[in-house]
Amino acid sequence: MNNDYLQLVGVSKRYGGIAALSDVSFSAARGSIHAILGENGAGKSTLMKTLAGVVRPDAGVVRLDGRELRMTGPAQALDEGIVCIFQELSLVPHLSVAANICLANPPRNRLGLIDRHRQNEMAREALARIGCDRQIDLRERCIDLPLSQRQIVEIAKAVVRRPRVLILDEATSALTAEDVEKVMRLLRTLREEGTCVLFISHRMHEVDALADTCSVFRNGEHVSTFPAGSKPHEEIVRLMIGRPIAQVYPPKPQPPAASVRPYLQVSGLRSGTQLKGVELAVRPGEIVGLGGLDGQGQRELMLALAGLLRDVRGDIRIGEQSTPPNGPRGGKREAYRMALIPEDRKTEGLALGQSVHDNLGVCALDRISRWGVVDHAAERALIADLVKTLQIKAPDTRVAVSTLSGGNQQKVVLAKWLATQPRLLLLMDPTRGVDVGTKQEIYRLFRDLAAKGLAILFYSTDCDELIGLCDRVLVMYDGQVRASLAGAMLTEEQILMNAMNLGRRDAPANDSRVHAAAWECAA
Amino acid sequence: MSTLAPSTNLRSHFKTPTGAVLLALAALLLLGGTLNSQFFSPTYLLLQLQSGAFLGVIAAGATLVILLGHIDLSVPWTLTVAATVGTAVTRAGGGAWAELGPLAGIAAGALIGLLNGVGVAYLRIPSLIWTLAVNTILLGAVAFYAGNTVISSEPSPVMAALGAGRSFGVLPNAVLVWLAVSAFVVWGLRRTLMGRYIYAVGTREVAAHMSGIDTRRVILGAFVASGVCSAIAGLLLAGYAGQSYQRMGDPFLLPGIAAVVVGGTSILGGRGRYGGTVAGVLLITLMSSMLSLMHVPEAVKQICYGLVVVVMVGLYSRRQGG
Amino acid sequence: MKSASIHLRHHARTLLAFGLLAVLLVAFLAIHPRGASASVLTAWFNQGAALALVAIGQTLVVLTSGIDISIGAIMALCNCVASVLVQGDPLQVALGVAAVLLVGTLCGVVNGMIVVYARIQPIVATLATGTIYTGVALLVRPTPGGEVDAGLSDAMTGTLGDLVPTSLVALALVVLLVWEPLRRSLTGRTLFALGSAEQAAYMSGLSVDRAKVVAYATAGLFAAMAGLFLGFQTASGDAAIGLPYTLNSVAAVVLGGAALSGGVASVLGTIAGAFMLRTIGSLMFFTGVPPLAQPLFEGLVLICAVALGATRLLRIRNRLEIFR
Amino acid sequence: AETFLPACYKPAAGVSTTVSYPARKGPYRVALVNGHTGIPWRMQMIQQTRAWAARPDVAKDIKELKVVSTGADVASQIAAIDNFIQAGYDAIAFIAVNPKAFDAVIRRAKKAGTVLVSFDNPVDSPDVLRITPEWVEFEGDIKTQAVVDLMPVKKGKLLEVRGLPGNSTDRDRHAGVRKILDKYKDISVVEVTGNWDTGTVQKVVADAIAVNGKFDAVVCQHGCRGVTSAMKAANHPPVPVGGDAENGFVKALIEQKIPGISVSTSPGQGPVAMRAAIALLQGQTLPSLVNLPTPNVLTKDMKPDVNYFPNLPDSYETVSSYASCGISFTPDEINKFNPDNN
């Protein structure tokens, strides 16, 4: 086995004052799965983008199979067989699935025109390799697919290029549990075939399940490389964030008494085909998790509570109000005091082109204004306070928020809403793509907020954090809350059983599904 | 080191769009002045300010709309409608009520802005096409109305005083109006919620909506402001020309947009400063005046005009692209 | 069954455009004293052909999420060049036609280069180049005039076998020979891809920059054809015809169902849109709309057609989709 | 040959060809195809044509009068004419948006036997009746010459305010100005472009005054109210000004005591053209190119409610008649279709 199949020597990249990569040397072998670890902003994506020809390094060389590569853009990297699945999806929304899979190298006929028929065959084959050819229609446009299927298409698009080096930059973050399993099988097959797989994930259990080798990055530097499983998690975390983490999850206090009037109470909530009579209640001081397999109505529920869906029936009581607010703006009103942290921070959470300052202020600006005139001094004070409380790492609040690392961007989204002093927080997967260290800070923050009397409804795709953080977890299945688990009942098994709507004593109907979901929870 | 500081400071200043336009403006003046010393005369320069004022007021409204990433192509006939309504009501009111005229004109502008805003913000029709359609309707409405009714085209005393008069015998009142509008826009963009929201919505509307901003109202507001600006310009122009007349707005559409983008505001929205717009207005006004006085053929004038826009905007975008 | 429904969904806007056009055309023919005849249809077709060509060009650019404000000016310039060069013996005429098409394409290439390499927003870049092209057109032809080969003109604006308007056949041929191959090539796919998601197209290894230049160049080519056709119709050149064509081309593209945000556009829809606009104007020929109210009537019909785009809002369930 | 109403329809200098068609029985279906919209002159022309056609002695010959404005697009105008030809109209009068563009449609009209009358901005084709002011004479022999005659001494600086660049009318009118001024070597000329638009004219004239100081005379094509306004604003002494016949300009000549001349194309051209069309249908003969008389009046001869109208809007065209053509209107008649006429 060639250990130096892919080799980077002395690679550096600066963005203004920030060294995203400094003098990084690193190599990976053929036929192996190599995990890249590091906290947010460690430079992982920058490294991968360098390999993919998207970022041009200030210094250093990249070698593949001993040959030095000169790359002027992604096209060259792809020609070399380096295929990257980026953190931001790179599908074309208005093209068909087939066209997306064969996007840049479609089969062509004698006239040089795209051969639709062969293109469809190729695409079908690629999906078949993942095992998803039956659930995705090749003619459907990607914009009409759910997020999880889009990610499958993205992976198929990489597979079809027969990569020599395959890079996955948090490419599994939006997959359903069963699809994650399929993708892992695929990656193992590719490894057998000699592909060099580089794999970035903030989920340690995925790393444990897949990686042969791990490399840790910190502050743009390559810290260490070691065989997977050779170091305990605590050690890896210490390498990543430079300090040990004693405990990821804060301790859970006594839950509020049942007599406390819920701040959010929902009954018989229905909407379209996705919500079929949801019942739930969240009390002040309580963190309630929302779990289940992907696509069981969790997202719709959150959107319905925020007043973003149109045809909603049933009772929703928030504070003293008996109807949901009319969108996020209504939610800010005194009568509701609620905040929705959206799932997609790059498009919905942040105005990426604006500064950190402008993003942080935007939600609470009306609170520090009189007659529509903003109090600048109050605004500055507020923002300084937010940066401090949430420990947002930015060189300056005037820089564009797009230049912050993912975790810090997520903190900005949280901070801008906390500035409105909400009493109900609706969180949609707020830790996706956030590193352990930051996660820990964020969990603490949620706990502190709850202690101050906030009611928190927390939707997550990560079973582990539901158990670790929440007082109670509601499991959804087919548009309904099927179970409310707390205390001793709050275990992976229980979540799983309910997520698949299996009675406690029933035998699992489908082995592989249980297996897949079980794996997702096994941290 | 300390002696270097001011010059680097100065240089960095000229790297901003506003600075670059001012530089171009100075160069233009110098060039023109060497060809004909009269270009330096205060009378001439004040006249440029005077005619720049009409374009300036229009460009102020256009800046707000462009900062949102939208565009208002109804400017020409909004301006004409406002002037027509203004003069017609002046006559109908008569005497003491004559000044209802300009008020009615501004109300008409606001109403048209409202129509634009409703189409763009609430019906979600692309502004380029909606405001174009509105412009066509306004043309039709004015032609129909003016062709069927004997109406006065005489401006009210206030319109005449603001459009054509001068304060202290020198400073054109139109320039004062432009200054007032500018002050209001600068203050609005910097200090008010509306201004801050305009930048947020212009950067990314969904994100703004998810942050609890009523983005539709912001868009509506900007279009109303743009309509009012066009109306003010129309009323001033009617005062200046001593009459309202059809097609009086046509010469302002493209220069209005050009002034904003030459001033460094991104046509995609979210980025730009009002100071740049003011500089852009001055540059464009002065350039077209000088070219026509030097009797450059229309063809060459057009070519110069296009080149200036390409070069100026190209300069900024290269810099931003890094 | 499902395949048919997917097709229907993907082509819904184009179908809607043709539906509207059909309604307008039927109304027009119904009030026309002569009703439907080859010569009425030829006049109708000739009236819309130039706009349809310009609008096809505009479609290509809109597809890339750009816009070409100079397209009318290119058309005017080409019209002027045609009035100088498209005359004489058949060879000279052929060379003249080639030169006109080349001029248009070159203007388009310049636009593309400025957009790609100077990184100026398309609307601004073409606003500027548009005034430049108008200036050049005025240099070529300071006042309207010149001539265009009469034989070719008559052939192109006439009827084939007393049955089909030549312009219809020509338009169909152009779409088939220029647009279809382009659409089915990798460059064509890149156009769709980059308009829909430029970053993704670039990251996937598509030559985004080249495709953009091709889009503007092809737009210039279509504008040239439009200028040429107008030359056939008027046997002369005129530098001042540009602006209304530019604005109407954008309107036609939108009426044809394209999204100005890019990635979604259909050339057939655009053609329907162009003829819709023309028919709106023609509708007044024989109706009782009082002459002074005609422009108002035209504006009202246009704004209603445009407002039809808002019906999409009624189908939206998730409020965030209105921002798409 | 004997031509129809020769006092009105005078052949242009050097034109001896005539136009005639076989007579056909009335009443006729006639159409008026206008180009540009949103210009008062054109609006008034349409109103006058309709007012004239409604007169009982005229109405008996007209079965139907259709009026269409197509805007600036030449393809639309050609299609409009084609449509009226198709629909079997007897005669079509039109103002061309471009003088060179109509050869093909003229041939089609000929084939179909439709009578075409081109007026105001006429086409360049000898095959149709063309009725137009003689622009060189209009701008030169009449307007410029009058201005020069009004100058106390025939020297100094004259400001020429031109029209829309690229328009053939602008070219012809400029030629008229040159023709006269070439005879006066001591008069230097400053040219500016006013686009026939009052606001633009005012701006460029103001700029020209600021840069050049005082002028000794001004010749302006159209939008000339801008000249008087700019002179007033700059406290320019009242020097001779030649301009158009819009009410606002004429009033300003009086109010500002400017010696000058108002020269008009009169929207009465609409009825004049329509009358010629009907004469042709009745089998009459007309010269192929008719130059209309050019109404004009010097400031010293102007009278209220004849040459200018204190109570009408500035955009009103003061000259609406062609006396020698038997066509005259009062403002009230022009606007009689209007309910809210005051």
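Labels for the chains are A, B, C and D, by order of writing; each one numbers its residues from 1.
Everything that follows uses one rule, which is that a contact is a pair of C-beta atoms (placed from the backbone, for glycine too) under 8 Å apart; a residue touches a chain by one contact, two chains touch by 3 or more.
Everything numeric here is computed off the predicted structure, so don't read it as measured data.
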item: Higher-contact pair (C-beta pairs counted), A-B versus A-C; value: A-C
item: Rounded Å distance, chain A centre to chain C centre (Cα mean); value: 44
item: Rounded Å distance between chain A and chain D, as computed from the means of their C-alpha atoms; value: 72
item: Distance between the centres, which are taken as Cα means, of chain D and chain B, whole angstrom; value: 34
item: Residues of chain C whose C-beta touches two or more other chains; value: 138, 142, 292, 294-295, 320
item: Sites on chain D at which at least two other chains make contact; value: 37-38, 43, 46-47, 165-166
item: Residues of chain B whose C-beta touches two or more other chains; value: 139, 143, 147-148, 206, 209-210, 297-299
item: Touching chain combinations (by label order); value: A-B, A-C, B-C, B-D, C-D
item: Residue ranges of chain D touching chain B (in the complex, touch as defined); value: 37-40, 43-44, 46-47, 165-166, 190-193, 195, 197-200, 202-204, 206-208, 210-212, 225-226, 229, 233, 248, 252, 312-316, 331, 335, 337-338, 340-342
item: Residue ranges of chain A touching chain B (in the complex, touch as defined); value: 327-329, 331-332, 340, 342, 347-354, 358, 361-363, 365-366, 369, 372-374, 376, 416, 420
item: Touching residues on chain B, where the partner in the complex is chain A; value: 191-194, 196-197, 199-200, 203-204, 206-214, 270-271
item: Residues of chain C that touch chain B when the two form their complex; value: 67, 114, 118-121, 123-125, 127-132, 134-136, 138-139, 142, 247, 250-251, 254, 260-261, 292-300, 302-303, 306-307, 309-310, 312-313, 320, 322-323
item: Interfacial residue positions of chain C with respect to chain D in the complex; value: 32-34, 37, 39-40, 43-44, 46-51, 138, 141-146, 150, 153-154, 157, 230, 233-241, 244-245, 278, 281-282, 284-286, 291-292, 294-295
